[in-house]
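So, here come the structures, one by one.
Note that chain A is present in both complexes that follow, paired respectively with chain B and with chain C.
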Partner chain A sequence: MKKFRWQIIAVLLVVALVGLLAGGCGGGSSSGGKDTVKVGIILPLTGSEAMFGEMEKNSFELAYEELKAAGKTTVGGKEIKLMYEDDQGKQDVAKSATEKLVNQDKVNMLSGGYSSACTNVIAGSAQTLNTPFLVVTGSSDDITKKGWQYVFRGSAAPASKYTISFWDMLEKVVKPQSVAIIYENTDFGTSGAKGFREECNKRGIKIAFDQAYEHGAIDFKPMLANMRSTNPDMIFATSYVMDASMIVKQMKELDFNTKLFVGNGAGYTMPEFYENAGAATDYVASTALWVPNVTWPGAADYFNKYKQKYGKEPDYHGAQAYATMYIIADALGRAKDMTNTGIQQALKQTDMMTIMGPIKFEDWDGYTNQDRPNTYVVQWQKGKLEVIWPEDVKSASYVYPAPKWSER
Partner chain B sequence: MNMLNKKFLLTIAFIILAVLIPVVIKAPYQLHILILIIIWAIIGTSWNLLGGYAGQVSFGHAAFFGLGAYSAGLLTLHCALSPWWGILLGPLVAALAALPIGMICFRLRGPYFALAMLALGEIFRLVFLNLTDFTNGAKGILIMPAITNKMFYYYTGLGMLALTLLATYLIVNSKIGYYLVSIREDQDAATSLGIPTTLYKNLALLPSAFFTGLAGAFYMNYVAFIDPNIVFNLTNVSVMVILVVMLGGVATTWGPTIGAAIYIFLGEYFRTTLGSANVLIFGILVCLIIMFLPNGIAGELDLLKRLTQRKKASLSGGV
Partner chain C sequence: MLLGQTIICGLLLGGMYALIAIGMTLIMGVMKIINLAHGALVMVGMYVTYVCSKNYGIDPYIGMFIAMPVLFLLGCLIQKYMINRLVEVDSILPENQVLLTVGIMLVLTEAARLMFKSDYRSVTTSYSSDTVFLGAMSISVPLLIGFFIAMVFTLLLHLFLTKTDIGKSIRATSQDRDAAVYMGINSSKITMITFGIGAALAAAGGSLLLPLFYLFPDVGHLFTAKSFIITILGGMGSTMGAAVGGLILGLSESLGATYINMGYKDVVGLVIFILVLLFLPGGFRSLVKR
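Up next is the complex of A and B:
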């Protein structure tokens, strides 16, 4: 009987091994020969981030179709082929996906990367494997601060730089004496809060309240009540969409008035924010990387096309993916050869206009291959997201200070 | 004697097979999958010593895994030492953290240990998330691995797995092992025979935490990025290890290794072939295995054997 047990184990092991090998061969043969240029794209297509992953995948496809119609998906006689991998929002899986794309599917370059954790891991592996990687969304500062030559970030800003135009507006309009900072306890949240905090200290603005909360919390009232007692001129919040809606709704319920509530992008600019929180969103401002009514060529077109094709409104995540596809096609079109260094150099020399604004990979302020981001300040006004700063691209005038809840 | 010999020979064959795999499979992607399997096999085997043999179910092995990983990560972050030193430090830190928990909880009966471990994992996650000056908080620790050769990681991991399996085997087949099983089966009877139950439960917990910490430190070196939400994760670490062991076979020597191999391999296979439905189908499959093979694959070999034999019998009967 024991003998039998061992036989079974041996058989199982052999089956697993054969499976591994077969999986390897299968993947290899299906990848379509030598006349394609393969771009591996790693996105969260399942799991809690799937909504964004799907939006980015759709946007990649949309851009690819447009490029194809313009004949730009064939470079040097080879067709660009997009290969998607699902990272499930887990970093182990992101690493597996990277290994598979580079070592087995032999992709020429990588793109994608939604959450900061997954993007970190993909970036590290890509650098190790000398494979160019163009980040779509991952915004952790560290990713482009390691001096990694093969890692590029174009359409995404480092989290601590989301606030450039916002500071311009604070200096010229708001001039706050004291601020409150709240943020979700994630890489994105802490990076964003850290950048803002350092800037406040530099400018001598008093930080009256500074607290992290657990991502996905339900009851923000104790935190909001504590914050109210410190009476800040302005609130700066970094949250994803569900938390963002809860926070502003509960502020309304508590009749907590503040001159200006500013969200740090993410949840505060999404259509779902207004759908969930309704009138409580009025006069909430936010930093933003992109809005459909921004003046860059093609932005409004992209928004309308996406809405028509997929029946949903895209937000800046989709725009990042769309712009990234154009950057990839541009770089591959210019690359001397399809080797890792050839593509790396072509990316490095990128200088083009996209719906996210001009893209150029530069080394500055400790960053490597990082585009200088264009940022905006937007404000919800009667359910519409208006650009209020910088003033030369504004779509509506700012409302400051925000009227009290009782006077609306 | 004969049977023991067979078992010994098969173990040797398995070791030779494991050592030779990278000679056959040189592709880094396949090696990567094997390395992940090894990491989970180490955690599973450690969990099995405590949860399988001693019957003390832990819902918080992520605490030890995370401590191991962070020991390696923090050495690099603060002391600029190679994270490989974490391989030495991580297991010790994990075992040290296990000591007070065991001392307190093992005096109690019932679900206290399971609940305390569940809490412990979450406490560590929150502490490491909020001690931002010390741990970098949610930003995590990102390093550039000095060694990138997959073969090296494979053999290092394999050595660790061998060590873990050997330690577990020796413990289980010593007096301690029999005591542990007796505690699992009937604690009152064990006590009446004069077995100091609290002590022996601790003697299972310490090596379990130690080797889980080892896996954590190795993970940090291999994946090169950690943050508290990853390594102290309740579902992706603590619960996953239980699933791995249940799939393979609770309280069997090779069960956790088989479980890890099946879990990781199938998970990856489904992910690359089934598109967006992959998680759903994988989940259903795991449910089915646990429903129909409640003792895991290594634990239900008798059943599998009977099934195949009955099939053979009916076949021959038909002819």
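Up next is the complex of A and C:
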């Protein structure tokens, strides 16, 4: 009977483990009842995007605690409850998570959405299920371009609009003759590159090189060597963080000089970018939606609080989640009733100040329920991220053209 | 010049792929199952080296010699207490043992997430971004060192398999398990050692990549996928096949990235994979035999 006993022990162990895990992650998914307003939040809590999912979840919690202390988490006698689901960074999982939250958990509204691909799926399902969905990060243009009334995007700009102040700077300072465009071959990457490409064509700037790459590559040198042979004045890259640092590190290794390297937000503004690529980050510029030293009320406060509580520096992804929590609480507080239309209307009438700047959901330029973004240009200077454009909010002057590798 | 740069990068990277894939092909040969936890073992090896480097200041290339025994032990334990237990149960088809390796992969990945969070980590050494120039072609020093160590390991493994007693037993078991048992080989001990060696090689490959690449709990999937393609490419269970397969995959990915489009880099590998399955089902090994 030895074997039989083993099996019992194994089964007990598994049960104990599952119990532990469920207890750990669920965080009280039991109660429910009718005296809560449920907000379903879908984020990549595992998988290769988990780092961002974690940061956004932490920021939601941080904001929630602050709101709770201010008594704003109870609306009309009902408490707001956050229910997290993991999309693993995969579209199919995102879809089933959305359907589970709406059909089984009967949430009143949805939020979250990190990668554009997943956000797109969640938005589509939310619209079909008539459930309001407030996007946190997913920035692909088409998410708010389909006329979906239940989909709102406040803290995130459409990927092609990340570059508004950057174009201003290009016109006044850089004036490039030819540019190279590289981007990761995902919704986010193609969407960012497309916006930039169209703008280049409109302004008659020559595109010398234009290529996508596969996320997570170890060796970017073939592409970089190819790009060097076209000798562009400026490089515009849309990447997530680790690809970003691999690219600039390998540019340094190749001794590939360019007057200005500009990242399209995302990876190029994160603390990990500098940690990983070190001195290779110097003079890399980037478009940005948020930096801790931006002038909006509460921004620096959030940065410090987060760093103190979680022992890590947050970046704009965390700020988006933090601001989103405030928008949710504000909208639920104003909603006439907790039905889908009630919340949808309350969201539509939002007009508030957050750490991401003023938020207002408007229909413009083909977008529906899209906030008009505030954008900046930042540049890494000796390991510090400085705001260099617009000039009236700058924290340091720009360095252009960037010195050659051999002259640094 | 562009061609030279492409070929050098591809071959050097291919050498590292080969080292990781050899571990998988070795296990494949003896166990007749694809070890889908292989990438996770690479990941664990990388974390061991990472911790050695971060907490004790041990250089990754020396940390590798700590990670390898640790992973050898882990591999032995997994084989002895998990996979061998399934082998003993007749009602479980051998194909289903693959499912167990998926489970092991998930547990290792989530355990790493529990301990290290999902953060991206990397080891920066003084030579991380050193390069030597051969004409106008730049060659990264850690990549070059990694390639040579990988090739030395491959050679050592080859000698081990052909010259030593245990090595010969491993080959015998992989050729015909039943016959090997009749000849007096303790097959469960041999499978245990094989799994251990496979895991140690995975750790070596991971450690060699650490100064170049980065690390997060899910990094293993990348390596599982590459090793799988290489294992099929080389002919399942063939060490030299895997070495050649690794170089070919590295080279073709690199050429594809330069002359087609970097976005289709993985497609090149997968197309080769399908072509091999269609027209050369035995992999490169069957070419040699013919």
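By definition in this document, the second predicted complex is superposed on the first by the 377 of 408 C-alpha atoms of A that agree within 3 Å, B and C clash if a C-alpha of one lies under 4 Å from a C-alpha of the other, contacts with A are read in each partner's own complex, and residues count from 1 in each chain.
Just so it is clear, a residue touches a chain if its C-beta (ideal position, glycine included) is under 8 Å from a C-beta of that chain, and two chains touch if they have at least 3 such contacts.
The shown structure was predicted, so the numbers you read here are calculated from the model rather than taken from an experiment.
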- Message: For A:93 in the superposed arrangement: first (chain B), second (chain C), both or neither?
- Response: first
- Go through the superposed model and pick first if A:106 touches only chain B, second if only chain C, both, or neither. neither
- Check the residue A:140 against both partner chains and state whether it touches chain B (first), chain C (second), both, or neither. first
- Have a look at where A:278 lands relative to chain B and chain C in the superposition and call it first, second, both or neither. second
- Message: Contact-wise, after the overlay, does A:121 reach chain B, chain C, both or neither (first, second, both, neither)?
- Response: first
- Once the structures are superposed on A, label A:186 by its partner contacts, choosing first (chain B), second (chain C), both or neither. first
- Would you sort A:212 into first (chain B), second (chain C), both or neither based on which partner it touches? both
- Query: After superposition on the shared chain, which partner residues are touched by A:249: those of chain B (first), chain C (second), both, or neither?
  - Reply: second
- Query: Per the overlay, which chain contacts more chain A residues, chain B or chain C?
  - Reply: B
- Task: Considering only the touch criterion stated at the top, classify A:372 as touching first (chain B), second (chain C), both, or neither.
- Result: neither
- Task: Please write out, lowest number first, the residues of chain A touched by both chain B and chain C across the two complexes.
- Result: 46-47, 50, 185, 212
- Provide the residue numbers of chain A that touch chain C in the complex, in ascending order. 46-48, 50-51, 53-54, 185, 211-214, 216-223, 225-226, 229, 241-242, 245-246, 249-250, 252-255, 272, 275-276, 278, 280, 312
- In the complex with chain B, residue positions of chain A that touch it: 1-6, 8-10, 12-13, 16-17, 19-21, 23-24, 27, 45-47, 50, 85-86, 88, 90-93, 95-96, 99-100, 102-104, 116-117, 120-121, 124, 127-129, 140, 142, 146, 148, 185-187, 189-191, 212
- Task: Using the touch rule from the top, collect the residues of chain B that touch chain A in their complex.
- Result: 3, 6-7, 10, 13-14, 17, 21, 25, 27-30, 32-34, 36, 129-130, 132, 137-140, 142-145, 148, 223-225, 227, 229-230, 236, 254, 258, 261-262, 265, 268-269, 271-272, 275-276, 278-279, 297-298, 301-302, 304-305
- Message: If we count contacts the way the header does, which residues on chain C are in touch with chain A in the complex?
- Response: 2, 5-6, 9-10, 13, 110, 113, 117-120, 122, 124, 128-129, 131, 138, 140, 209, 212-214, 216-219, 221-222, 254-255, 257-258, 261-266
